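Structure in structure tokens, see below.
We just call them A, B, C, D, E and F in the order they show up, numbering each chain from 1.
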Amino acid sequence: MAGFEPSEEVLNGKTADVYFKRTVEILKAEGINPVAVMEVFPNRPGILCGIKEALALLEKVLPRDKSEVWALSEGDSMASKEVALRIKAPYQSYGLYETAMCGMLAQSSGWATAARECVDAAGKIPVTSFGARHVHPSVAGIMDYAAITGGCNNCSSIAGAELAGTEPAGTMPHSLILIMGDTVMATLAFDRNMPPSIPRVSLVDTFKDEAEESLRVAQAMGQQLASVRLDTPSERGRVTAALVKEVRARLDQAGFGHVKIFVSGGLDAERIRWFVDSGAQVDSFGVGSYISGARPIDFTADIHEINGSPIAKRGRIPGITNNPRLQRII
Amino acid sequence: MAGFEPSEEVLNGKTADVYFKRTVEILKAEGINPVAVMEVFPNRPGILCGIKEALALLEKVLPRDKSEVWALSEGDSMASKEVALRIKAPYQSYGLYETAMCGMLAQSSGWATAARECVDAAGKIPVTSFGARHVHPSVAGIMDYAAITGGCNNCSSIAGAELAGTEPAGTMPHSLILIMGDTVMATLAFDRNMPPSIPRVSLVDTFKDEAEESLRVAQAMGQQLASVRLDTPSERGRVTAALVKEVRARLDQAGFGHVKIFVSGGLDAERIRWFVDSGAQVDSFGVGSYISGARPIDFTADIHEINGSPIAKRGRIPGITNNPRLQRII
Amino acid sequence: MAGFEPSEEVLNGKTADVYFKRTVEILKAEGINPVAVMEVFPNRPGILCGIKEALALLEKVLPRDKSEVWALSEGDSMASKEVALRIKAPYQSYGLYETAMCGMLAQSSGWATAARECVDAAGKIPVTSFGARHVHPSVAGIMDYAAITGGCNNCSSIAGAELAGTEPAGTMPHSLILIMGDTVMATLAFDRNMPPSIPRVSLVDTFKDEAEESLRVAQAMGQQLASVRLDTPSERGRVTAALVKEVRARLDQAGFGHVKIFVSGGLDAERIRWFVDSGAQVDSFGVGSYISGARPIDFTADIHEINGSPIAKRGRIPGITNNPRLQRII
Amino acid sequence: MAGFEPSEEVLNGKTADVYFKRTVEILKAEGINPVAVMEVFPNRPGILCGIKEALALLEKVLPRDKSEVWALSEGDSMASKEVALRIKAPYQSYGLYETAMCGMLAQSSGWATAARECVDAAGKIPVTSFGARHVHPSVAGIMDYAAITGGCNNCSSIAGAELAGTEPAGTMPHSLILIMGDTVMATLAFDRNMPPSIPRVSLVDTFKDEAEESLRVAQAMGQQLASVRLDTPSERGRVTAALVKEVRARLDQAGFGHVKIFVSGGLDAERIRWFVDSGAQVDSFGVGSYISGARPIDFTADIHEINGSPIAKRGRIPGITNNPRLQRII
Amino acid sequence: MAGFEPSEEVLNGKTADVYFKRTVEILKAEGINPVAVMEVFPNRPGILCGIKEALALLEKVLPRDKSEVWALSEGDSMASKEVALRIKAPYQSYGLYETAMCGMLAQSSGWATAARECVDAAGKIPVTSFGARHVHPSVAGIMDYAAITGGCNNCSSIAGAELAGTEPAGTMPHSLILIMGDTVMATLAFDRNMPPSIPRVSLVDTFKDEAEESLRVAQAMGQQLASVRLDTPSERGRVTAALVKEVRARLDQAGFGHVKIFVSGGLDAERIRWFVDSGAQVDSFGVGSYISGARPIDFTADIHEINGSPIAKRGRIPGITNNPRLQRII
Amino acid sequence: MAGFEPSEEVLNGKTADVYFKRTVEILKAEGINPVAVMEVFPNRPGILCGIKEALALLEKVLPRDKSEVWALSEGDSMASKEVALRIKAPYQSYGLYETAMCGMLAQSSGWATAARECVDAAGKIPVTSFGARHVHPSVAGIMDYAAITGGCNNCSSIAGAELAGTEPAGTMPHSLILIMGDTVMATLAFDRNMPPSIPRVSLVDTFKDEAEESLRVAQAMGQQLASVRLDTPSERGRVTAALVKEVRARLDQAGFGHVKIFVSGGLDAERIRWFVDSGAQVDSFGVGSYISGARPIDFTADIHEINGSPIAKRGRIPGITNNPRLQRII
């Protein structure tokens, strides 16, 4: 997959912990290059993500004829300490990349796992990943790809949508409305200028009470309006289940039963579950920092065999760890 | 600073939330391009980091003659909701970059703030950032740069050290010892092959009890040995204050008072404080996922003025927010 | 004080526990009527209220020449178990009224104590008692009188204001606005029809966002507008400190610095303190069920002396309890 | 029902919040009197009480030919936010009484709900309401009526028993025993002077240990003694389950198996359940401040329709709320 | 049973509370010696122990022809307040021994109950009592006897094993290894000098890492080695489940599948359950202060009948308490 | 001190852990008997007790000319892990006694520490140790001696008083009163038959309410009555501060100001502090199972030097630990 090509910085070791670079230098100087089996496992359960990217790196660097690689699949559930990746190859060929491989798995699995929690809480209601603004742009696309791997329907960043092979999703920012000076005018401008394939979703909390603005926009847009998005700031008490129920009722009473309700703002799995349990009819959730700010899942890489002999550091069990779920990749 | 040049993906909007791209398209189609004042602030207190990178982006895209930019400095403390960046410029020139700018600030400030907590807890004892392995390689360098901005003495990734203008630091991985088959042999090989400027720090928990291994290495290396590193895994009860005290005492009793003790493994600010309070004489701390896995500090970007008129969305106060700490950048 | 005349039902013993009626009947039948000293004390600390009413009852029923009464004053602080009322009189003259006297003291002291907590939390900001709607109309006036005794500036019920010798205070109900169909129209109608002495306070959360409605009303009423009242329902996240700050700023920016802000809705001492600490400039608080729904402070009435001889039931100490704060009333 | 006739003070609006009086004045001055639908609902679940009294008021003030009223029944369980009362009538005819109606429902439902909790905890054991002494005498009867509505078998106040159409219940106060100087003498005096229909219940904790006093009274009264009442003060450790068991055993051993045990003093639902679970054989519970000091259940009255058009304030859903449990009253 | 012969100090009343000695003196002086029934019961549930010793004392002092004794059996479960011992005899014959009998039951039942908790947690894995070092040597044997009564397989004290009719169990102390200077040498010395019936259990945490030491000892001892004992001090993080798993794996990989693993050090019922749940294969647990430092179970001795008449102090029920589980002993 | 002579069972090793006996046998067989330094320290802070007994044992078994012993003193405070005893002697002479010495220190220090907590809580009010009935008679005396070492004024067991060189203290048991049938008769019988040196303390909760019984006894005994003891069982709510205040007041009112009040029953340091803080005038406290059931303070004995060379097991620091508070004993 083109999107997961390792960067020059990764390949030349710039992103590595310096001690791995030194280790490979020392081993070269000493002329030592055993076939070593390295096993990589997470320190807590979750959804595996980043493995495609890690394998793309390994394919680039391993000597095919002397190497074997086994792995779980992107999106698989994994238990705590379950081996997710096993490499058997001459150590000098891959030792430099331990930092990069663990990092790919750690952050992507953290994101995918948090996304899965939200998706599970939402049941059949779709979840969009909205958190690109909380991570560095260099990983915004990877983050959104991981969110989709974890179960999100789509994402707001263009890069993430490309990696995931889908279309980016979004509504409109408060900026557009502030610049246009009115929510209805902004929504009409959006409608005038955007291709028909993009759903018309109006953000209805900028200037007026959400219920009032929803009706104004619906009256102006009629059947063209796909959804209203409630994103009430904490200064106005966040989006509540009662607000959703009331907007739904007022839209229905005014004949706009076709307009859907999209909820965002400070959502996490627990808050989503609260909405679902409240009986409020939400049609879509947008989740930001709960996914994009998720803690990485630490991965550990241990050598378990050298030139066919079991070995391990204190605290680990020597020899290959049995895991029938692993599939041979290389 | 060369290291903070915006990437092609950032400049062409690939990493943006798609709705910003659409907003700029709509405004262009409608022929609207007001001078808008945007203010960017964090949702909790912390150490500001990423502002250099954000400014490098703005310098690239803003029309100099029509723009003004004010900001706090890299490494400054910031209060909750304090404006850290203010942009006054034609909206079309920078609207596309809200996602990227917020993302740079959010993740880097999160890392720098976590680093500062550890550094404060450690007092005069130096702290090294060891967490590159828990983040995606695309941000490993940025993360380590932020850790150093937050107060760490150095870091393990080569890319991070380059960004921070320092040398990378590290000891040796368990892999080297496992491959060499013995800690003493690995340490001697390290000593044989590395330039003298690199301190000899031996990792002493791979095969034998730490106290025993420390003495073996010290006897083999003598005055050449700079430090021993204790990194006991949780399976062996992690590094304890009592272990540090005992290793210190045994090294001293054997005449190796010059050998320092480096502690790593599951450290966070609280655990560092516990070591400091215990009276155990640690000479250096290595911190991993507590820094690199820190939650981003969410930043919000709000428009407060359009063509000279105060404005704001519900929940925010219209007009420019006074903050005398801001300095004019552009 | 006319307002505290005992009712016919109290005087004829209808409101008494039946066993007191029976006790007096038995004593009459047996021809026993000792001079008994009864002491009345609260089971937790608080503000004494209801003592004027209790004394008005005693003045009606005690034989002046054979009786003595000591008491603390309305509004006094009292310690737990401190004697607040001592009666020395022939038992048959007052035994029937133990239930009524304890009840007057219990509920009024409970209300006054809760009011005092809110007043203390509010500091110099006035507090209005708004909770008549949560108590039975037979005690609505007494409740509001107790709230004012506890420190409230005024109250909403007419009966309470009469008892306290002040004017009732209030703004306007949502009903008026719903019937008039618009907040501005309702406020103008209020202004047209009410005497000038009644301050114009507009309730601004009925149809539109509070900030928008505040500006509309201020523009329509100009200098005539005294205050806006924020009473946001929990479905819209209650009144927040940020809302107060924003409304204040928007009113000031539009030249309505003279318009004050009145806050109500789910307030208690803790929430008032939170507003005060937040720096939001509230000009008046309205407190409802925290005062009117306050638990009564239980009072106990014990006989401590009979015909000059100390006596007490198990658990109490025989003889008169020393309390130099008591003042001779009868 | 005669007992629920609205008082003069209620009818002339003295007990109302002043702003309702003003609202009606304004509407009259403006000549506006729409048919408005008001719905009244509680903010937490409970037992409805006070509805008879509220309906008695409405019957007095509504124009029969232009009005409709629906309600739940006295003693019904109600869910949180369930509509318990719906009024459709010209607003001027009833607007003034919102405060009084809500107050009747709030306090009476609070009392009935607390009573129900105790009755549920007690299972088949009867519960007597003993808390008249903790509320103002103006509501003592209403409180006891509500307690009986909630499930209590009877009550101690004469007024409450009249309202509920039953006989007041009670034992004897400590005063009688203190004045008579001995529990046996007091009990014999009671027996001499009270009609046979009143059960002989002796209070056995005034001078001596409860077990000793129980036996003395039983020996003196023989078959005439109905019950002993244990009301041990907290200074003597309150009534315990062990005390009940022991008194039961000692009475049985002495041949007084017919004497029942009545327990009172600081009881609430939890303590009653504890007694029941302990296996101690209590024959009757007397509950005071847990019922009479119960927090009111706040009721809200919202206009949902004006002249046939749905309307509502922000936070509520316009139009009539469906509740098939409501019954047409007027 | 010889081991439970009462000591001279017990028989002459030296260990009694002085007031019992005085009571018997007074009764003798007054010539009063009724047949009194005393019942002895625990204040919380547990395992009865010490009853054999108490009965041995009673057999020595009671006049057989005038006495009856009923009791539960050593090791029986007992409910809270269940009568475990009933004595009917002339009071002067046994009044002096109340202190001693209660003390025997209290401490022994406390120990047996704590042992039972560990044994229940361990399931089929044997538990050894190792806590003699935490109690006074005068009760070390009694304590170990009680631990075995509670379910332990054996104990470390010689006196305890004698009382329980079994062999004492133990491994070797750290002292032996420190004096021999090496764990292997100490183990070989043990093997040389101890009779074959004593299992060879080597303590493997004195000088080296436990996994390394286990393999060294196993290699030196071969089939002679029965077990290794892990007793890692808290300074090295206590014994963990991961350590057990690793030692098991390394022993198995090296062909020493016959060597068992004995775990000790800070164990209690909760920690034992944690080991069992972890899946680590422990073959034996050694428990110290959790058993030997267990709180005694307080026993109370009450007189319930005197010369055939029921009697009791306040708080207890007069007459004999029915307990069909009691068996007639004397 | 004669009372601390080691018993035959201790001297012959019966009470030892069997592995110490085996160790000494092995060392004898191998002809190894180094001079070893053993240090003994507690695992938590407390009051040292049992050291006199441990030293009496060492004096009996150590070869004076080859041995040195240092120790803290009986009753000293000790910090956690502070060395309380250091032995330097040929190992074979004392190795067998490690179990016994640790046990003496552990249990006695546990008792003394709990006693100190009560004594500290009681301030100037004397505390009597009443817990002999909760420990095995073999240690009842030692326990009471430790309680007095911890600060108690006296104790109830005869053996404990002998060890501490004082007189045993006590009142009278419920048995005496039950047998005499009346508290006054029992107290008069006590007075008739006991020597004048023993204070007359009457237990006043057996048959009647404590206040009533106190007055009856005081009237019967007059100036002869020293104290009344309140020991109310939990079935009657335990002794409360209010009960003490009332009994004090009633005694004073009746002219018995000289009669003191002794409180017992379920006391611990926290409850004693509660009494002291309540202002109730208690003259003496009796503490039972809080002291006698105190957890032992575990002691550890480590070898730190062998034939002059520093040594230690893993986790401990080789060589003699500096403690200037130790005093040379042998």
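The working rule: a residue touches a chain if its C-beta (ideal position, glycine included) is under 8 Å from a C-beta of that chain, and two chains touch if they have at least 3 such contacts.
Just so it is clear, the structure is predicted and the values come from calculations on it, not from any experiment.
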- [ ] Spell out the chains that contact subunit B while also contacting subunit E.
- [x] A, F
Task: Reference subunit A; chain at largest CA-centroid distance - done: F
Open item on the list: Which of these, E-F, D-F or C-F, gives back the B-E interface, meaning over half of its contact pairs coincide by residue number?
Closed with: D-F
Task: Averaged-CA centre spacing for the pair subunit F and subunit A, given as whole angstrom - done: 64
Task: Approximate Å spacing (C-alpha centroids) for the pair subunit A, subunit C - done: 56
Task: Set of subunit E residues in contact with two or more other chains - done: 207-209, 232, 234-236, 242-243, 246, 314-316
- [ ] So, with touch as defined above, which chain pairs make the list?
- [x] A-B, A-C, A-D, A-E, B-C, B-E, B-F, C-D, C-F, D-E, D-F, E-F
Task: Contact set on subunit A toward subunit C in their complex - done: 207-209, 212, 232, 234-238, 240, 242-243, 246
Task: Touching residues on subunit D, where the partner in the complex is subunit C - done: 7, 9-10, 13-23, 25-27, 29-30, 32, 34, 36, 38, 50, 91, 95, 98-100, 102-104, 106-108, 110, 130, 132-142, 156-159, 161-162, 168-180, 189-190, 192-194, 198, 205-208, 232-236, 288-289, 292-293, 295-296, 298-299, 302-303, 306, 311-316
TODO: Within their complex, state which residues of subunit C touch subunit F.
DONE: 310, 314-319
Open item on the list: Under the definition above, what is the set of subunit E residues touching subunit A in their complex?
Closed with: 209, 211, 242-243, 245-246, 249-250, 253
